[in-house]
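Both complexes shown next keep subunit A, but they swap its partner, so subunit B is in the first and subunit C is in the second.
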Partner chain A sequence: MSGLDEVYINGTMEHRLPQNLNISFAYVEGESLLMGINDIAVSSGSACTSATLEPSYVLKALGTGDDLAHSSIRFGLGRFNTDAEVDYVADRVIETVSRLRELSPLYEMAKEGIDLKSVKWAAE
Partner chain B sequence: MSYSNKVIDHYNNPRNVGSMDKTSAEVGTGLVGAPECGDVMKLQIKVNPATNVIEDAKFKTFGCGSAIASSSLATEWVKGKTIDEALAIKNTEIVKELSLPPVKIHCSVLAEDAIRAAIGDWKKKQSASTPVPVEAKA
Partner chain C sequence: MATEVTTLVEETSAVKPNGGVTLPIYMDNHATTPVDPRVLEEMLPYFTGKFGNAASRNHSFGWAGEEAVETARERIAKLIGATTKEIVFTSGATESDNLAIKGVAEMYREKGNHIITAVTEHKAVLDTCKRLEKYGYRVTYLPVQKDGLVDLDDLKRAIDDKTILVTIMAANNEIGVLQPIAEIGKLCHEKGVIFHTDATQAVGKVPIDVAKQNLDLVSISAHKMYGPKGVGALYVRRKSPRVQLSPIIDGGGHERGMRSGTLNVAAGIPSACRVAR
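Presenting the complex of A and B:
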């Protein structure tokens, strides 16, 4: 993932299941990312909340903010996955995140040096 | 969840992506939603002050495929319309056009809000920049 900036691994790299990876791609909404890599079986949020649009409460309990929780993808590896498949997924994710960031007003604002936390958002 | 073909088309080929100079008097900018809610839309319009016609529109959206599609469609619809015609666009028309399911109706509401916010910003600029008669000084 060195092809992208502002990528955050959720949870520790030491105390976790080896086949599980949960990553937040800042400024990109998780569901839109899934839609761009729809030939890959990954999930946004967690298995626990897959039926809802709510961000993962597990991530929130780990201290991930609501914003980054909306930008998370859960990758799971099985025993039959190959190195080539991992490379393929990495390429597709980088390509899609880059495309969606060009579409993201948040990425644009962050690049302009605006602190998104200081913005008074006009929520619904 | 399955997406309609129109949502997929807007997601794959979003129309009018980009940004305009938000400091320009002819440009109105609407920024609605919040990162914590998972949707933020920025919609900008460029209005001809003589005719009140929206000559150009651009958007950028952080959100799901339906949010991207709703705002992409909104830019298509407002282009060429007058301010008053654009204000008449209803979220229910977006829902219908994109066949949005009930859990995605908020995306259409946000797109309508974005149109209104952009127009509101433009109007504010117009009233601020209306030339006030000033007595000529010698």
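Presenting the complex of A and C:
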């Protein structure tokens, strides 16, 4: 994933199951990302089964903001995954995140150096 | 007709030439895992020819069932450094968590009413603790640090003379972080508090050793380690200290009275454990 910026790993890498990777892709909505990689079965940090789209209580407990929690994906490797599958998944995720960010005005603004927290939105 | 079936199979298995990988790709192994073909092979005879009830003492069908269950017990015990009499079979890790927490709460009610857990635990632990709060138990939900780990000093401060149980998971189901269970176990044993760990995501992946890590109760699930859904186990320490549990399911007194119900003889847990080693 080093081909992407604004990527955050959730939880320590030092004391961790080797099979697990949980990462947040800033400026990307988790559900859109999951739709974009719909030939890959992974989980997002949003509890999409509930009526309200609640971000993961585990990620919130780490101090992860709602936006980053919603943009998180959990990859869980298993005995039957192959190197070729890992390469394929990485390529597809990078490609999809890049495409979604190209469509994101927020990502564009952030890249232009605008502090999104200081923006006064019309709806507020 | 044959053509239609072939087309359907091709469509549902969705095979595409994508750099040699078959789509869709399953990469959600914390949710569940497929049954390993070697596990399935060991399970199959117990659905038909060897279908006996492991509790039937009077005939060879029952003995075959009991033998399968005892083999399962031996293998799972070996995987976590326990003895066979310390393994209680359940319907899965959610039941194991419920049995461990509610079982200790009821059994040690006269000793105290305080339980310590962490905010990032699985719902099977958190919701069980919440229910106990309704029954007058006091629960401390420890925060975690930015890296996802509990602070041992927080835990030390939380333990008081009414604390009967600490329940902290071995590996987190969402972020995979490994809590310092050996240190927590040591601390609990120094303070005379029972330590339960939900090791659903950890067993078969990272070393779990009940002696070295001072674990008193350990929840285990088969379907997270290439076994079938609907079966799990709870390790219950028998000495230093001997942990006693009130059952949450009453009935025929199976599993030394701790979990009644006919044993799932075909569960495949034995081969899952063997393959996991």
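The definition used in the following text is that the second predicted complex is superposed on the first by the 112 of 124 C-alpha atoms of A that agree within 3 Å, B and C clash if a C-alpha of one lies under 4 Å from a C-alpha of the other, contacts with A are read in each partner's own complex, and residues count from 1 in each chain.
One rule holds in what follows: a residue touches a chain if its C-beta (ideal position, glycine included) is under 8 Å from a C-beta of that chain, and two chains touch if they have at least 3 such contacts.
Since we're looking at a predicted model, the values are computed, not measured.
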Using the overlay on subunit A, decide if subunit B and subunit C clash or can fit next to each other. fit
Residues of subunit A touched: more by subunit B or subunit C? C
Touch check for A:6: first (subunit B), second (subunit C), both, or neither? neither
Between subunit B and subunit C, whom does A:122 touch in the aligned arrangement: first, second, both, or neither? first
Examine A:22 and indicate which partner it touches, taking first as subunit B and second as subunit C; both and neither are also allowed. second
Just the number, please: smallest Cα separation between subunit B and subunit C in the overlaid arrangement, in Å. 16
Share the list of subunit A residues that count as touching for subunit B in one structure and for subunit C in the other. none
Contact set on subunit A toward subunit B in their complex: 27-29, 31-32, 35-36, 53, 55, 65-67, 70, 102-108, 116, 121-124
Subunit A-facing residues of subunit C, complex: 14, 18-21, 23-31, 33-34, 36, 119-120, 143-144, 146-149, 171-172, 174-180, 201-202, 205-206, 226
In the complex, the residues of subunit A that touch subunit C are 10-12, 14-22, 38-43, 45, 56-59, 61-63, 74-82, 84-85, 87-89
In their shared complex, at which residues does subunit B touch subunit A? 3, 8, 11, 14, 17, 19, 31-42, 60-65, 67-68, 103, 106, 109-110, 113, 117
